[in-house]
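Two complexes come next, and they have one chain in common, chain A, joined by chain B in the first and chain C in the second.
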Partner chain A sequence: MAKRVKFKLNGTEVEADEGRLVIDAAKDAGVEIPHYCYHPALGNPGNCRMCIVEVAGAPKPQVSCRLPVKEGLDVKSDSPAAKRAQASALELHLVNHPLDCPVCDQSGECGLQDYYMKIGRYQSQVREDKQHKGKRVEAGPHVMLDQERCILCTRCTRFVDDVTKTHELGIFRRGHTEAVELTPGKVLDNDYSGNVVDICPVGALTDRDFRYQVRVWYLDKTDSVCPGCSRGCNISIHTNTKRTWHNQGHRVARLKPRHSEVNGYWMCDEGRYGYRPLDEGRLGKVLRLTPERAELSWEAAAVELAARLKDGGSKGLAVAASGMLSNEDWAALKDLFPAAKLYFTAEPDQVGAEDALLKRREKVPNLKGAEALGLKSGSFDDLAKDLESGKVSGLWIVERDLTKVWGAERAKALIGKAGFSVFQGPNKGGTGELASYRLPATAYAEETGRFTNFEGRVQEYRKALDPIGSARPDHEIFGLVKAALTGAALEAAA
Partner chain B sequence: MAMTEGTGPAAPVMGKGSMTVRVVERPKRTFATQIFLIEVWKGLGVTFRHLFVNLARHALRALGITGQPGAVTIQYPEDPAVLGKRARTRHRLLKREDGAPRCTACLLCETICPAKCIRITAENAPDAMVEKRAKTFDIDLGMCIFCGYCAEACPVDAIHMDANEVEISSYSRKDMIWNMAELLGDAPKVPGGTA
Partner chain C sequence: MTLVLTKHFAEPKLHELETYRRLGGYKALEKALGLPRAAILEEVKTSNLRGLGGAGFPTGMKWSTVPPEDKVPGPRYVVVNCDESEPGCYKDRVLVERDPHQLIEGLLIASYVIGSKDSFIFIRGEYQTQYEILEKALDEARKAGLVGKDILGKGFDCDILLMRGAGAYISGLDTALLETMEGKKAWPRQPPPFPTVAGLMAKPTVVNNVETLSMLPHIVENGGEWFAKLGVPKSGGTLLLSISGHVEKPGVYEFPMGVKLRDALAAAGGVRAGHKLKGVIPGGTSMPPLMEKDLDIALDFDSVRAAGTFLGAGGMIVLDETADAVEVAHNIERFLAHESCGQCTPCREGSFWTEEILERVLHGDGVPADLENLPRVGENITGRVICALGDTVGMVIRGYMTRYPDDFKKRISNGQKG
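So, the complex of A and B:
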């Protein structure tokens, strides 16, 4: 426990841990000191000179990102002298900045724009031509580099040096030709390359996936949790729903990491660009496919399915689920199918590479949630055997594409052997055509729920989009069928 | 914002900033104003002044004494509409010297448009120094309110409202949408066309 000391910030007395950086202590106290190079996770080289403050007794202004708090320190970040120093630093950053904000993807969330509006010197004193450097350099599969826009804060090079330790980027040459460049022979293609776009305070590093898709001020932002693996990184879903002609008609424009204890400031590229399948082959209608194809209302479907469940009894019932279910869904599933055999382990379809930083082996977010409820999974091989021998009277598939587990041909043959089968999920996938009933469920971005990550941490994700068609969250569907089974009023369950 | 004009006594007003207020005294109600008759006669005076001045002007012009006509009703559409030099008319997209559209698809016009009648999608421009250009640029003139904000917002002088065209009606809502080639003047606007 560090010693608490008192120091003066802009004339008011503030308490902070001794030795804490003034820039952090000020942030805790609600005072934002402008900065570019300083990043809590990447250190404080002090090269951007933006966080400059006036310190009583010091002959010159100091950079607050390298100034530790001590008893009796008197710091002013908004005095005329400090503001003048900050404005001068910003002016230097802008000497060679191309000011191509209209075509820059960063504009709207750019550090230069923000601080220019706050503390800028609105009269340019530059009489020289701007230095020209590389435009539109493809740094890697996900990142586009514009050397002209760069202010050489070195956040990106520190990220590839300290966090991923892959060293793809570096600062080369000096003076006015100094620039961020790829290390010779390397491409910025590590598993976390998208993060350099987030940490870049200007438009030097932009996302190729997001490039020219939609301007940032059209986006709505919703707090969520990445469903890409069992880490459960905190993310923000950026959606474009009001101007549908942008972003090629896709609703989700991009995912950005949110700072949390789980993931720090980062997220992996797999998760970041993993939102694309969200709107592929979406289901919106409640359908009976066999014996005769018909569109049903939710109530009619619940009554029919309840009858089927009573028929076959829940004895021979098997439920194939996946770790995509929220805690609420698991609880409702347990409630509806107390005696059914459950299968939800991560088979090769949901297993991938893991690493020491964030990525986990199971590529679904919530297997731990099922475990916490005491649900036990059988192996999919056993399920296949049971189906083969005709032991399964009914098969209920929840958000799992069995064609990816067993292969298309085998899955078709096996599902056909069940007495009746239900597919419930947001995307059609390969299994959507094989079951006898098809129920549309909401995707994670369309519902509010909780995932339990591999550490057992329960995290809430929020509804960012409206459901498609008549899709409903899984737990609501389970509740509806349960109500039909017990004869309760269906409206109350819905 | 401080109001600088006005000569009346300035009084400080509670609230944010330092706003000065000019106090204007209400005109007193008197018998002369309350019977209204005086004002009615004044108004009729204006009407008759215009009548006789115009009558005189028309008469002088008919006799060939002066060339200046009196105020007349324009026989539109038989006679063409006379537009002021700065009239805001149909939009026009401009080109660079090399013939490429000036528009860089920054979407500022689309953003500021209060009627939301502009729809732009962007793509990479072949020239890296230009960076970005419009792939499609549609204006729904059926929704446009001709406020001129788009021309004002444009940082590259790519959109003007000076095509001097006001006759842009059509038989369908779809035909009110002009695409990029039509706005650039590269393709004529054909009813039932491609837009």
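So, the complex of A and C:
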């Protein structure tokens, strides 16, 4: 344990760990000192000189990101002299900045804009021409680089040097001709490249996926958890519902990592750019596909399905699910199908590369939730055998695309052998056409629920969007069917 | 007047080992290797030798901050800063050209005291001839058993490696020099830790200037007290001035520390005939000039500092009345903007901006607001940056505008030279 000491911040006595950086200790005490280069996960090179503060007894102002707290230190971050020093550092950042805010995606969340409004507000004295550098440098598949907007804080180069250790970016040349550039022969194409956009305090590194889609001030932000793997990175879903004609008509504009113990400050590109299914290929109608195709109300569907379940008995019933289900869904599934055989392991369709940083092998968020409820999964090979030999009276498929498990032809043949089949999920996928019933479920962004990550940590994700059409959360659908089975009032179940 | 470093400069083949030894060379090393290391350190402290690369930091004090081997085991290094790049300074070049063995002997003594078994000479890339001279001198010394294993049979090992810079002015700053040596971009580090604690490859490292190290054989030979008496109370010995500009006899001159500016000028033949003194840049272009009223100040670190500028590395440039302060300031600021390493924002952007404003003023497009804006920008750079280069950007523009306000006003009001 570090020693606790007292120091003065803007005239008020504050307690902090000895040796903690003043910029952090101030933040703990609710005082935000302006900064660009400093990032808690990327160190304190002290090059932007924005976090400059007055220190009693020091001959000149100090940068608070390199100043350790010690007993009796007397720091002023809001004195007229400190504020002037911060404003002048900002002024110098803007000498060569193109000020192309009207066409810059960073507008609205830009460090230069924010600090100008907070500590700047001076009349520009720049009469000189600005330096010209590359405006549209394709850094990689996800990231566009504008060297003119860059303030050379080196956050991105430190990220690729220290976090991913892939070294795609560097600072080249010197003085005012200096620029961030790709290391010769390299492309910014690592599994975490999107993070450089988040840490860039200005509009130098922008997301090619998000560029020119929607202004950030139209976005709503909801705390969520990435369903891309069993890590459960904390994320924020940024949705655009105010200007539906922007963002190509899509509701989800981007995902951003949210700082937490689980994922630090980062998320992987696979998770970041895996949000398209929230707006594409979605299901909204309750349908009977065979024997005769018809759109049903939830009540009618529940009654029909309850009848099918009673008919075949729950004996011989198989449920193919996946780790996409929330803890609530797993509980309702267990309740509805106490005797059914369950299949939900991550097969090759749901496993992928893992690494030492964040990525986990299982590309679904909540296998741990099923385990916690004591649910056991059979193997999909056995399920295939049972289907083949006609032992399955009914097959209920929940958020699992079996064409990716068995291949399209084989999945079609096997599903056809079940007495009846239900496909329930947010996206149609390959399996959506193969079952006799199709039930629209909400996606994770449209419900509030909990995932239990690989460490056993239960994390809540919140509803960011309204459901599509008649879609309902899986556990509600299970509840409806259960009510129809037991004769309880359907309304109560819903 | 006692000459220390340039005493034998009249010898035509001084750069050869044979001549150097004939004149008593490497005797001091032999003496040093027979003394306890602490005793030499004490002599250096007594001598009041200060870093002659520009900072004027007491050498003995710097050496004392190297942690002892029992506390921090492992290698430690001595690095010679021969990246002499300050415009107006060329005394290290002359020292290397004329008397390379004096430097090697001094470096070996320092290495012995510090405990460096691998020492380095970092020489600026443009010093091609000087590099060749040093390389040859090192070869000679190595063959003679003066560099390498068991030097002079006294059981002390020290090899010396010569490294060349790639042309960045900032590499002359000790921490940037160390970064360069490690193969990185020459971006100054921000102490703490200081190089003596964590320098080259994060090992304790002493970085000393050529002139500083060249003094050591003489201190060992004659004692610290003798050396201290040559100079002024807080700064011992002599200093080399590379005098250039509007004087009759430009060149490198050795003076006792604390020589009067007037006498130094006189030695160089005075301001060129028929012209008047306008100012004297004392330490290389980064320092604001001294004025005619300062002719009687003593040239030592503390007295020049008291006069509002710096002795620096003794690169003295004399300006007569034909020099225009706007042109001079523009020339220097252009250099600083070109050489700014670009690490910290105030220097990177501020040096560029200052140069651009001066360029505009120089071309007759100045506006009255520039008279306030230029010093304001300067004030926002000096003291807010990582290293001394940035500090000088503001110091220079403010220095010239305070000393020669009329040159600036005239140029801005009618586009005419001051």
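Here is the rule we use: the second predicted complex is superposed on the first by the 493 of 494 C-alpha atoms of A that agree within 3 Å, B and C clash if a C-alpha of one lies under 4 Å from a C-alpha of the other, contacts with A are read in each partner's own complex, and residues count from 1 in each chain.
Going forward, contacts are C-beta pairs under 8 Å (C-beta built on N, C-alpha and C of every residue); 3 or more make two chains touch, one makes a residue touch a chain.
Model, not experiment: these values are computed from the prediction.
When both complexes are superposed on chain A, chain B and chain C end up sitting side by side without clashing.
Judged by the touch definition given at the top, the superposed model places A:136 against chain B, while chain C stays out of reach.
Set against each other, chain B and chain C differ in how many residues of chain A they touch, and the higher count belongs to C. When the two structures are aligned on the shared chain, A:46 is found in touch with chain C, with no touch to chain B. Once the two complexes are overlaid on the shared chain, A:171 sits against chain C while remaining clear of chain B.
Contacts of A:96 after superposition: chain C is touched, whereas chain B is not reached. Of note, the Cα-centre angle with chain A at its vertex and chain B and chain C at its ends comes out at 90 degrees, rounded to the nearest 10.
When the shared chain is aligned, chain C comes close enough to touch A:60, but chain B does not. Of the two partner chains placed by superposition, only chain C is touched by A:128; chain B is not.
Figure legend note: chain B and chain C, brought together by superposition on chain A, show a least Cα distance of 21 Å.
With the contact threshold set out at the top, not one residue of chain A is in contact with chain B in one structure and with chain C in the other. Contact residues on chain B toward chain A in their complex (touch as defined above): 104-108, 110-111, 119, 121-124, 128-132, 155-156.
Within the complex formed with chain A, the chain C residues making contact are 168, 170, 185-186, 190, 337-346, 348-353, 356-357, 360, 367, 369, 373, 376-377, 380-381, 383-386.
Contact residues on chain A toward chain C in their complex (touch as defined above): 45-49, 52, 60-61, 66, 85, 88-89, 91-93, 95-96, 125-129, 131, 151-152, 171, 173-178. Listing the residues of chain A that touch chain B in their complex gives 100-103, 135-136, 211-212, 215, 217-218, 243, 245-246.
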